[in-house]
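Structure, as C-alpha cells:
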Amino acid sequence: MTAASPTRAASSRSAPKRWPTSLVLGIALLAPLLVVAVAGPWLAPYPYDEMNIMSRLQPPGPDFWFGTDEYGRDVFSRTLVGTTNSLVMGVAATAISLLVGVPLGLVAGYGRGRTDEIIMRCMDVLMSFPPILLGILVLAVTPPALWKAVVAIGIVYVPQVVRLTRAITLELMQEEFITAARLRGESTAYILFHEILPNIWPPLAVESSLRVVFAILLGAALSFIGMGAQPPSSDWGLMISEARPFVEQAPWIALCPGLAMGITVIGINLLGDGLRAVLDPRNTGGH
Amino acid sequence: MTALVPLSAAASPDPTPATAAMSALLEVRNLTINYASPRGTLRAASDVSFAIRPGEVMGLVGESGSGKSTVAMAILDLLGEAGRIDGGEILFEGTDLRRLSAGQRRSLRGDRIAAVFQDPFTSLNPALTVGRQIAEPLVQHKGFTPRQAAPRVEELLAEVGIREPRRIAQSYPHQLSGGMQQRVLIATALGCDPKLLILDEPTTALDVTVEARIIELLAGLCESHHLSALFVSHNLGIVNRICNSVCVLYGSEVVETGRTRDVLARPVHPYTKGLVAALPRITTDRRHRLSSIPGTVSKLSGPPDSCVFAPRCPFAEETCRRLPQALRGDAAGNSVRCWKAEALSGTPWPEESTASRPPATPPARTAPLVQVDALRKVFGERRSILPWLRRDGTVAVDDVSFTIQRGEVLGVVGESGSGKSTIGRSLLALIEPTAGTVLFDGADFVKQAKEGDRDLRRRAQLVFQNSAASLNPRKTVGAAMERPLVLAGRQGEAERREMIAALLTRVGLPAAYADRYPHELSGGERQRVNIARALATDPEFVVCDEAVSALDVSVQANILNLLADLRDELGLSYLFITHDIAVVSHIADRVLVVYGGTICEEGPIGRVLRPPYHPYTEALLSAVPRLSGAEDGPEPERILLEDSTAPPGGGGCAFRGRCPRKLGTICDERAPPVQTATDGHRIACHIPLAELAERASVFPELAALH
Amino acid sequence: MLLYTLTRLAYLAMVLVVMSILVFLVTQAMPGDVASMIAGQFASKEVIDAITVKLGLDQPLIVQYGRWAAGILQGDLGRSLVLEQPVAPILMEALSRSLVLAVVALAVVTVIGIGAGVLAAVRRGRMADQMVSGVSYLGIAVPDFFWAIVLVLIFGSYLKWLPTGGYAPLADGFVPWASHLVLPVVTLVLMLIARIARLTRSSMIDVLQTNYVKYARAKGLPEKVVIVRHALRNALLPTITVLAIDFGLILGGVVVIETVFSFPGMGRLLLFAIQRHDLPLIQATILIISTAYCLANLAADLLYAFVNPKIRHGMGNA
Amino acid sequence: MVKRLVARAVLSAFLLSGTALAAQAAGTLKVAVDSNLNTLDPAKMKGGQEYVAAYLLFNGLTAIAADMTLKPDLAERWEHSADLKTWTFFLKKGVKFHSGREMDAEDVLATITRIQDKATGSTARVNFEIVESMKAVDSHTVEFTLKSPYSGFAELFGERQARIVPRDALDTLASNPVGTGPFQFVSFAPGDRMVVKRNPTYFEAGLPKLDEVVIRILPETASQVAALTTGELDLAWNLPPEAVDKVKATSNLKAEAVPTSTWDGVIMNGTTKPFDDVRVRRAVATALDKQAITQIALFGYGTPTHSPIPPSHPYFNKDLPIAKGDPAAAKKMLAEAGYPNGFEVTLYTPAGRATRERLGLAVRELLKPAGITVNVQRVPFDVFLKDIEGKAGFYIDGFFSRPTIDTSVYPWYHSRGSWNAALWNYSNPAMDKLLDGARQASSEEEAKKLYGEVQALAVQDAPGVIPYVINHVNGVSARVQGFTSHPMMFLDLRNVSVGQ
C-alpha cells in the first residue's frame, strides 16, 4: 500500500455512480424487445401463422414490412411473435441452469471433500459432451418440442454454473467474514444463503447474461436442425432454417429474424458487460 | 537550529541551488503529480522536491497514500495512464528527464537508473527463468547476446549472495524463496552498473530475518558500488538502518527532509514527531500507552489550501488551516514544511493519558482459561485411489502445548510458515486439530464447537488481520454486528441497535457508522468495527491474528491502545499472533516464539527479550530494525540467518537448517529438550542453558530498565 | 508433469467409462427402434422380431452393454445397422474431415483473434480497441448458421466465387480442396474469433497491469518486447485453454455449420445416425465426439501446465 | 507452415473463378443427391437417392422405360401360361457381373430368395409373396409358379429392389456392391460421395458413354443450385420444387421435368374417431382446394389428382371432379356427421420432408374455414414409422411411383392389401371386388373401366385425400447431353455424355 491508488479507492455511497455506456445501450436495446416479447401478438400486424398463398415470397413493402415467406405469412409479424419464444427460451433455460447449478455449486464449494468430489465428477461427465451434442442427445430421446429444448439447454449449462458457483464459493470460504460467521456458530444454511449467496450474485448475474445469450443461440441452433421449436411456430432459428431454400429469391425471410436475433444478443451482451462494470469493477473484459 | 529560509521560493532564480543540483545525481524539483479518477483529480504529489548526491541513500518515508511510490514511479517514467505529471522537474545528472523523449527515458531505465520493487514474487515473470530475466537489461542496454550474458548473470547472482548461481539462473521464480527472489531482482538491477537505484519497499513482503539480510546486502552494495539510492519505505527502522538522508512525505507533500540521524532523532515537523512517537519499541514499558496520531489522511483533491496535516495536528492553529505551507531549509540541509517548526523545537508529541491505566499486575494463578495440550495439525494429507496422489501432508503445528490465564495476553511470534495462525485457528476450532486437545474453561472446545455450542463460541472470538476481508462487503456495519447479538438471543431490535451504538462508541467510532458499508471506512475504522463485532458477544478470550499488521504505524498505535484498554477494562485474555516483536513486546505478558510449527522458546516477555536466548529468538530479535541511534545507544552486531527454507521435517530440531549455532547430528536426529530457565521461561534447544546464557543481550538498553 | 498427466488420464478414463454407460443407456431410451427402422414401412411383426433376434436386441441391456464395451476395448466400434459396414472407417473418415476443418479454422482464429485481442488491449479505449470490440460483437451477435447462409448467398450465389457445400478430398487437387473449406472455415472463424479476441484482450489487460510487466518496463525494455515476451506469454494461458476446447468442439462436429455447407464431418454423421436410429453408429459417434472433446480438454490442461512453469515444475497436482 | 498453406488456400480460392474449379477429366458426370445413401444393397434400399445408385450398378430382369412401357433388361424375353400363374424368363447370355463372372439363373433365384427372406427386411418382399415356387430350368431360364393369377408379374422385375445380384457376393453388397450395371463401384464415403466408373464389359454395346460418375451428397438445395451454376456439378437429381424456378432462370441450366405417379396423401385412419365416419372424411376432402395445395406444397410443380393413378396414365378417370375446396359444403357435411362446430385434431407430419411438411401446414390452413382445428406436429422419421403410420388418426404420408397400376392401387385399397392395414384401415367389399376383377381383366378396355370405378369409389369413400402427383425435376447443366428425366425418378445415365 503505497501510492494513492485511486482506481481502487473505495467508492462512496453518496457519490452518484455513472452508468456505464454499455449498460445504458444494452437496456435501450432490450427494453423494446421486452415490450415486444410481452405484447408481440398484439403489436404484430398479422397473426403469425396466417397464410396468404396469393402473396407468398413478397418482398418488403407497405403491406408486409419485411416481406412474406413461402406460405405468404408476414415475416415481420412472425419475427415479433418469435421474440417471446427466444427470450423465454434463453431466460427459462438459464433459470433452470441456475436453479440446479447454484445449489450444487454451493454445496460442492462449501462441503468440499467427498461431496465436492462426487458433484464435480458428475459435472465432468456432463461436460465431456459438447453442448450441442448434449442438447441433441436429450432431444433425441423424446419427440422434439420447445419446452424440451429449453430443459435440454438448461441441463447443458448446469456444469458451467456449478463450476462458477463452486469457484466463487471456494474463494469466499477463504474470506475472513465467512470465518467470522463460523466463529459465531452460524448454521451452514445461514452461511450459504446469507453470507455467501449475496456475494455470488454479482458475478453470477454477469455470467447469467452470457448464459442467456448462449441459450438463445443454442436454442436457435437446435430449432435450426429441427430439434427445437416445431412448425408452424415462429421461432427465429426455425424461421431461418425454413428460409434456407428460398434465401436467394427471398433473403428477407432469413434477414428479419437474423436481425432480431442480432439485436437481442448484442443487447444482452452489452447488458452483461455493463453489469460486469457495475458489479465487478475488477474485471476488465469479457469472454 | 538556525533560521529557516523558504527553499522552494529560492529554487530556480538563485544560482547556488543550481550548482548544488549539478553535484546532485538526482534532483526532484517541485514535482506535482495528479491522478485522474472517476470522481475528479486526486493529488498524488504536490511540490515535491529533494536531491540525492552520488553515493547517498535517501529514504522516502510515508504512510499509505502519502505519494511516496508515485514519486518513485514518476522518476522511472512508469506512472501508468491515470497518473500525470503536472509540473516540476526530475533532473538526473543535470538533465530533466521530462524533456527527454520516451525512448531516451527508456534507455536510461534499467541502465543508469535501476529499480527493485516491493513484492519480488509478482515482479518476476512466472514464465521465464530468472537467468533470462536478469540478462534482459544486459542484452537491451549493453549489447550482450544472451549467450554472452550468461556468465555475467552468474557473476551477478554470486554477488548478491546466491550460492549456486548456475542452477538458480535456470530456475523459475516460483522455485525460489522470497529472499532469493529479492536477490534476483537486486541482481537484475545491478546488471548494467547503474548510478541510481530506486528501491520501492524492497523488503516489505519479506520475513524479518530475511529482511535483515537483504538490507545488509543492499547497504553493502551501495557502499561497494558507490551507488545512490532512493529507498521508499514505510518502516522508519529500516530507513534508519540504511539511509543517509530521509524525506518524509505526508498527504502528497514533503513535510520534512534532512539527514536521517537528525530527522528521526530530533523530528521537527509535528507529523514526524507523531510518527516516531507512535512506533512501538521493545524498550518501552509494555503498560505504557503508545502515542498515536488521531484521525486519518484527508482526501486529496484540488490544490492544497492549508497545511495538509493540520486536521490531525495537536499543535495546529487557525493559521495552519488557512495557509498552505512552504518547505523551508536550514543551513545543515534539513528542511521542514511547518511555519511553527522553530517554536515547536524541543516540544515532544503529546503523551497519551495513562491515568486510567492500572499498574501491571501478574495474572492470578487460577485455573487457566485456555489449555492447549500436544496440539498437532497436518495439512494437505490426501487419500486417493491413485497411488501417486497419496500424500503425507505437511506438519503445520507439531506437539504444541501452552496455557493462557484469565486476563493474560499471550503473544505468539513467528515468521511466515511458523504455524502461528494455525495455532490460533485451532484454538477456536476453525481448524480441526489432527491431534491434541484444546480446553476452554475446562471444556473441550473443539468437541463442543462441533456440537454447536454457541455459548462457547460466544466466549471466544477472533480479530482478523485483513480488516476488509473480514467484513461481508454486502452488509452494513450494523448488520454485521447485529448477527452475534441475534445469536446471543437478543430479541429486541431496539435493544440491539442500542447495543451496537454502544459498542461502536466503545471502540471509538460514531454510532452513525452502523449504517455504513465496509468499503466506506478506512482500514483503521474497519479494524475497530472488527473489534466491536468481536466484543458484541461479550467474550472472555480473543485471538488477535496479526490484528495490527496491515495498518499504518499511526493507526496501529491507536488499535494497540484500544486493545490494551479493552483488556484492562473488560479483563479479556488475548492470544496475540504477530510477526512483529516490537508489537508483541508492547502488549503481551508472555510470549511463545514459534518456528516450523514448534515452540522454541516460551516465557514472560521480559525474560524472552533477555538472555538466555534460543538461537532463533536471538536472531529474530537482532534482525528487528530499530530507531536506535543516539537515543538507544550503539547498535549491536546482527545475527544473520540463511534465507528461509522449508523446515526439514522428520525428527530433530525444526530450526536446524538455518541455525547458526547448530551442534551437529544431535540437532538432526533428536527433538531438542525443553530447558527451564526461570519463571516459566523455557527454551527448547540442545545447547545447554548456561551456554545460551553466555550470549550478550540483543537489547543492552533493557538492562537499565529492570 | 508426468504425474499430473497420469492423474488427468486416470480421471479421463473414469469419465469415459461413466460416459459410455450413459451414452449406451440414453441411446437405448430413444424412441423408435432399430428393427422396425431396418424393416421399414409396413413391415410385419415377425419381420421386426426376426431382425431383433438377429441383432441381439432381445438380450438384457447389461449383456448388450458388455458386448459393446468389450468390442470397443478391442478397437471394434461395431457395425452400422443402416450402412451395414463397420463403424470405425466411416467415423475415421468423418473425423479426418472434421480435423481438417478444425486445424484450418483454429489456425486462422489463433492468428487473427490473438492479434486483434492484443491490439485492443494495448490500445485500450482507443480506436483500434473499439473496432475490435465492434467487430467481435458482430461475430457473436448472430448465430453461425445465419452467417453461413449470408456467406452462401454472397460468395456462392451472387459472386459465384466459391463452392457453397460439400467437401473435396485433397486427391482432387489443392484448389478444390481448399475452396471447399473456405466458407465453413470463415463461418467458424466468425463464430469463434470474438471470444478469443475478447478473452485475449481481457487477460492481456490484466497481465499488462501486473508487477512483472511494470518491472520489465523498469528494466528499460522496449514496449514490443514487454508485450510479446512478458505480457503475451502469460496472457495466452486462458486463451490456449479456450482454443483447445474449441478445437475439440469442431472435431466433434459443428452440426449446424456442417449442415448448411453439406460438410461431411462428425456433426452430420451424428445427425444422420440419429435420424436413421442407427444405434451402433450413434453410440460410436457420440463416444468418439466426447472422447475427442475430453482429449481436447485434457490437451488444454496439459498445454496450460506445460506453458505454465509453476505447474510444469512440480507444484501442480490435479 | 500451416498458416502459409491456409493463406495460400484462401488466396487461390478467391482468385479462381468457378470454371477453373470445374476443370476435371472429360467424361466425368457429377451428380448431386439430397441425402445420404443408407445402403448399397439393392434389396434393402428405401430411398430415391439409393435407387439412383441401384440403376447405375445393377439391372433387373425387366426395365420400365421412360414411356412407362416394360422393356427387356437382363431377360431377353419372357412368357406366361394362359392362367397367368406360370412365368418363364429367358436370360441374356454372356452378361457379366463386375467381378467378371457370368450372370446365370442361379443368381436370379438367389436374388429373389433373399428378398423373400424376412430377415433381409426388403420392402419388395410383399411383392414376391405371390410366388409359390421357382426353379432354374437351365442355366439361363427361370420359371416362377404363382399362388394366384397375376398379369403384372413381369413388371415386378422392373421394381427398384429386384436387382439381380451375384449369389456369391451377397454379404458384401452393402459396402462393395457388385452388379451387372453400366457402371461399376469404385468408392463410397457415407455422407460425402459415391464414385462409380464405366463398366467396360457392359452388355449393351457402346454404352455407357461416360467414364465416371461422381454422386455427391449435398442436402442443401442452395448449395446444389450454386454448384450447378458454377459448373461444379452437372446434374442435381430431384430438385425440390422451390428450387426449380431458380434453375429455370439460369441460362446454362435446364430443368428437366417429368410428371410422376409419386403422390402425397392426407391419411385419415378409418379405425379412429372421427374418421371412422365417412362423412367426416368426405368433409375433409371437400374442404381441401387441391390446386391451392399443389401451389403451396409444390410451388405448382405437380398435378392435382384424386387417386394414386396419375393423370398422365391412360386409366386415369377424367370424369371425376378434382376438389376446388368448398368449406361451406364441408361444414354442412360435418354438421350432418354430428360436428356442427367442427373438431380439433392433431396432424402428424414426418420431419425433414419439406413438401409433406408444407402439405401439412396447407391442410391446417385450408381446414380452418371448415371449422376443423388442426395442430400440426412434426415427428422424426423413425418415430413416424413406428408410432404414427397405421396407428395415428390423421397424418401426412407419401409414396413413390410403382411400376404397375396394380401395385400402385391394390396394396392400399384392397381390404387385404399389404399396406392398407398400415395406413388407413380402409375396407369396402365393393372395392375388393373391383380390384380383384381388374387383376384378371382380360383386356385393356376392361381394366380401364374397372380402374375407373376404383377411382370413383376411392374418391367417394375418401380413406385419404390424395391432392397431387409430383413432377420429378432434375437440374441439368447445358453441357450434359442425352439426358431425360424418368417418371419413376430413376437416373438413367447410359446415353449421357458431357460436352465442353
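A, B, C and D are the chain letters, set down in written order, and residue numbers restart from 1 in every chain.
In the analysis below, a contact is a pair of C-beta atoms (placed from the backbone, for glycine too) under 8 Å apart; a residue touches a chain by one contact, two chains touch by 3 or more.
In this text, all values refer to a predicted model and were calculated from it rather than measured experimentally.
Two chain pairs, C-D and B-C, are weighed by contacting C-beta pairs, with C-D ahead. Per-chain Cα centroids separate chain C from chain D by 38 Å.
A straight line joining the Cα centres of chain B and chain C is 51 Å long.
If each chain is reduced to the centroid of its CA atoms, chain B and chain D end up 88 Å from each other. With centres taken as mean Cα positions, chain C sits 22 Å from chain A. Residue positions of chain C touching 2 or more other chains: 31, 149, 152-153, 157, 259-260, 274. Shared interface positions of chain B, defined as residues touching 2 or more other chains, are absent. Annotation for chain A: residues touching 2 or more other chains are 143, 244, 247-248. Pairwise, the chains that touch each other are A-B, A-C, A-D, B-C, C-D. Those residues of chain C whose C-beta lies close enough to touch chain B in the complex are 3, 6-7, 10, 210-212, 214-222, 225, 229-230, 233-234, 307-310, 313-315, 317-318. Contact residues of chain C toward chain A in the complex are 11, 14-16, 18-19, 22-23, 26, 29-31, 137-138, 140-146, 149-150, 152-153, 157, 195, 198-199, 201-203, 205-206, 238, 242, 248-249, 252-256, 259-260, 270-271, 274, 282, 286, 289-290, 293-294, 297.
Across the complex, chain C meets chain D through its residues 31-33, 36-44, 46-47, 50-51, 54, 82-85, 90, 93-94, 97, 103-104, 107-108, 111, 149, 152-153, 156-157, 160-167, 174-179, 181-182, 259-262, 264, 268-269, 272, 274-277.
The part of chain D that touches chain C in the complex is made up of residues 2-3, 6, 8-10, 12-14, 16-18, 20-21, 36, 38-39, 41, 44, 46, 118-119, 121, 123, 125-126, 174-175, 189-193, 216-220, 222-227, 229-230, 232, 352, 380-383, 385-387, 389-390, 418-419, 422-423. Interface of chain B with chain A (complex): residues 35-39, 42-44, 64-70, 73, 82, 118, 200-201, 232, 234, 252, 300, 425, 428, 430, 449, 452-454, 457-458, 461-462, 464-466, 469-475, 480, 483-484, 487, 516-517, 519-521, 533, 537.
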